[in-house]
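Read through the structure below, which is laid out as structure tokens, and then see the notes.
All chains are identified by letter, namely A, B, C and D, in their written order; residue positions are counted from 1 within each chain.
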Amino acid sequence: MSDTDHLHTNETQRIEAFSDGVFAIAITLLIIEIGVPRVTESESLSDALGDLWPSYGAYVLSFVMIGIYWANHHSVFRLFIRIDHFFLMLNVFFLMCIAFLPFPTAVLGEYLKGAEHRDAAVGFYAFGLLLPALGWLSFWLYANARGLVDERLAPEYVRFLTVQFLLSLIPYVLAIAMSFLNAWAAVGICVGFTLLYLLPPRRPRYSP
Amino acid sequence: MSDTDHLHTNETQRIEAFSDGVFAIAITLLIIEIGVPRVTESESLSDALGDLWPSYGAYVLSFVMIGIYWANHHSVFRLFIRIDHFFLMLNVFFLMCIAFLPFPTAVLGEYLKGAEHRDAAVGFYAFGLLLPALGWLSFWLYANARGLVDERLAPEYVRFLTVQFLLSLIPYVLAIAMSFLNAWAAVGICVGFTLLYLLPPRRPRYSP
Amino acid sequence: MSDTDHLHTNETQRIEAFSDGVFAIAITLLIIEIGVPRVTESESLSDALGDLWPSYGAYVLSFVMIGIYWANHHSVFRLFIRIDHFFLMLNVFFLMCIAFLPFPTAVLGEYLKGAEHRDAAVGFYAFGLLLPALGWLSFWLYANARGLVDERLAPEYVRFLTVQFLLSLIPYVLAIAMSFLNAWAAVGICVGFTLLYLLPPRRPRYSP
Amino acid sequence: MSDTDHLHTNETQRIEAFSDGVFAIAITLLIIEIGVPRVTESESLSDALGDLWPSYGAYVLSFVMIGIYWANHHSVFRLFIRIDHFFLMLNVFFLMCIAFLPFPTAVLGEYLKGAEHRDAAVGFYAFGLLLPALGWLSFWLYANARGLVDERLAPEYVRFLTVQFLLSLIPYVLAIAMSFLNAWAAVGICVGFTLLYLLPPRRPRYSP
């Protein structure tokens, strides 16, 4: 375990600062994917702007998701007391999934309205939400397996988090499956699950 | 109130750093929305660059607005001594409104010149300015209702801010309404109100 | 002078962090303006990539310029010991000029090659370099007029900087004028002046 | 050596923060280069999204490369105890190479699939990977020549790094050469070398 460092404060701060940078940029880039509408002769600009509602909806949903991941990333990093090279790489992999999100968001905004491609757009978006959940789970499981997590935490609290992160994959898998049957129901799952995430997280509990 | 934390310095710093990241990115992305002009046969590049004046104007106006919000965000955060999960979420909502601004800015730049769509473009832009004002007001009111604000502040100073934030909605609502009647007057309201914001803010007053 | 604060360290850090954010984003956005070339039937991708040399050149020049401004911004901020609201606003104005630079850079990359629009493209680019030089000068003059600069600095060092910042406008004004006569000579001025900036700056001198 | 400063902690932090900003932005901008596919009549959205696999692959490869550079940049900066103006400029040059990477990544994503332009696209991408390796080597050699590196480091460790950084150019030069013969083999070199980089770096060794 020679490549495991105790987590020095300025070390954590730099990892968190970099992660926060990626969160902040990914969240702000979401708007770039909404192009200024070209108005046709028979249309008004108001109508054209209104027609972009799927893009606005996708923007709000992805913005909230990334915002929640940002808040949670910070909470969970306070539980780590050591760090190693592969953990760093798994964090990069997680950030890769976060940074990918503007693309499925743009696809959803573009193709949600037309009936023809709605299923594929929603399924791809749900897959885009599944990716960071997988990335998150993988660095959590790795940190547990390698003993990077604070030992003073109550074991049942650590178990609770593991179960929670595992369960959090289900709605996205479900939404992907559902997108083949009923795209709007799949959208409903994604939105509902995001609303659930807006609730305050359970606080860390330490062994007595 | 078990989910209310005292605001630790490094906690605030991370929220402010993330918010500053979104401010900095949103403000810098504004330029991306101005595309390099394609020059037609009969036109000179100078004319084509000059014809982009509505885009330059919209760029300057939105840049100053986000810059002012950045400065004010910092000032108002010094008044908070506690924080909770929903406050964090309301801050994310506020940032969502800031990050949205490049889109109405691009719409204004594109459609301000032609008479046909000017009204809708200006109205949409004023709406884009109303959104962060609403987001700002909502996290201020929430912070007051939940006792997150420093109790040592003079009550009349807190009241002054509440009234100021409420009143700040009026010009944008007015500009939206005015955009149906006279788009240039609506632009004037937005510009004038921004100039007003350039004045130094009132300093915090504490109870004796 | 009730709105003048002594420059607290964490205050400076936040202004510098925000400014650094804008520098970092503007500098990194430069590459976004170079689009992937669409290869026509009769052309090879190598040729198409080679044909983008004006874009590469403009990218390098603007990258170095923003990098130099970043380094200098940091040096000059160490000379300020107080701050006020208008100084903050002038810093925002300066950042607006920096954030604008990707646009003239893209224009230069697009129109440098064709003889027809070269003059206008070069002139506009030189104007794009003049803007941050003007923004820089304005916040320096304001800081001097309002006594925000460290009084312990040797007066001749402060004067040296004022003269240097004033003189730095000349090459850009010259390049704008020259662009009407000989665009390549104007490019030469911009490049030469940037190389000059690569030299180490003079160190602060304090009164004995 | 009057322009050589001892590396104050907040000085390093600002250089690292700026570098981290460029890393974070360049890494997050990669996704912007993948455009939402326009679906033609005879095609499904799923097929169109699947057809983008070269873009996904290029995204993952470049993301991991920039992530590794970020981690390594941090490690190597801990070895410097002094800094000077040209070192700062060489760091800017290195960041210029990092910030350039989204462009060859986009070219690779666009042209990897078609046989006609694959060679040029892969060669250009390998060149895009060579550039930051060259930038890295140049600031390392400069730092050694000017005595900016911590003298307490074991000389054989410093030599080991120099050799490692020199050798790291070879695979990219090889990949560029190989791209003329067999583009897929060149891709294989780039991918294989990146996987190698995922291994933990050797830890600094100090003189006894």
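Definition applied: contacts are C-beta pairs under 8 Å (C-beta built on N, C-alpha and C of every residue); 3 or more make two chains touch, one makes a residue touch a chain.
Everything quoted here is computed from the prediction, not taken from an experiment.
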Interface residue overlap between copies chain C and chain D, same or different (over half shared)
different
Round to the nearest whole Å and give the separation of the Cα centres of chain A and chain B.
26
Listing for chain C: what residues touch at least two other chains?
17, 21, 25, 29, 32
Could you classify the connectivity of these chains, where an edge means two chains touch, as line, ring, star, complete or other?
ring
Along chain D, where are the residues that touch chain A in the complex?
16-17, 20-21, 23-25, 27-32, 34, 36-37, 39, 44-46, 49, 59-60, 63-64, 67-68, 70-71, 74, 198-201, 203
Chain D to chain C touching residues, read off their complex
2-3, 14, 17-18, 21-22, 25-26, 29, 32-33, 84-86, 88-89, 92, 95-96, 99-100, 102-103, 106-107, 110-111, 117, 120-121, 123-124
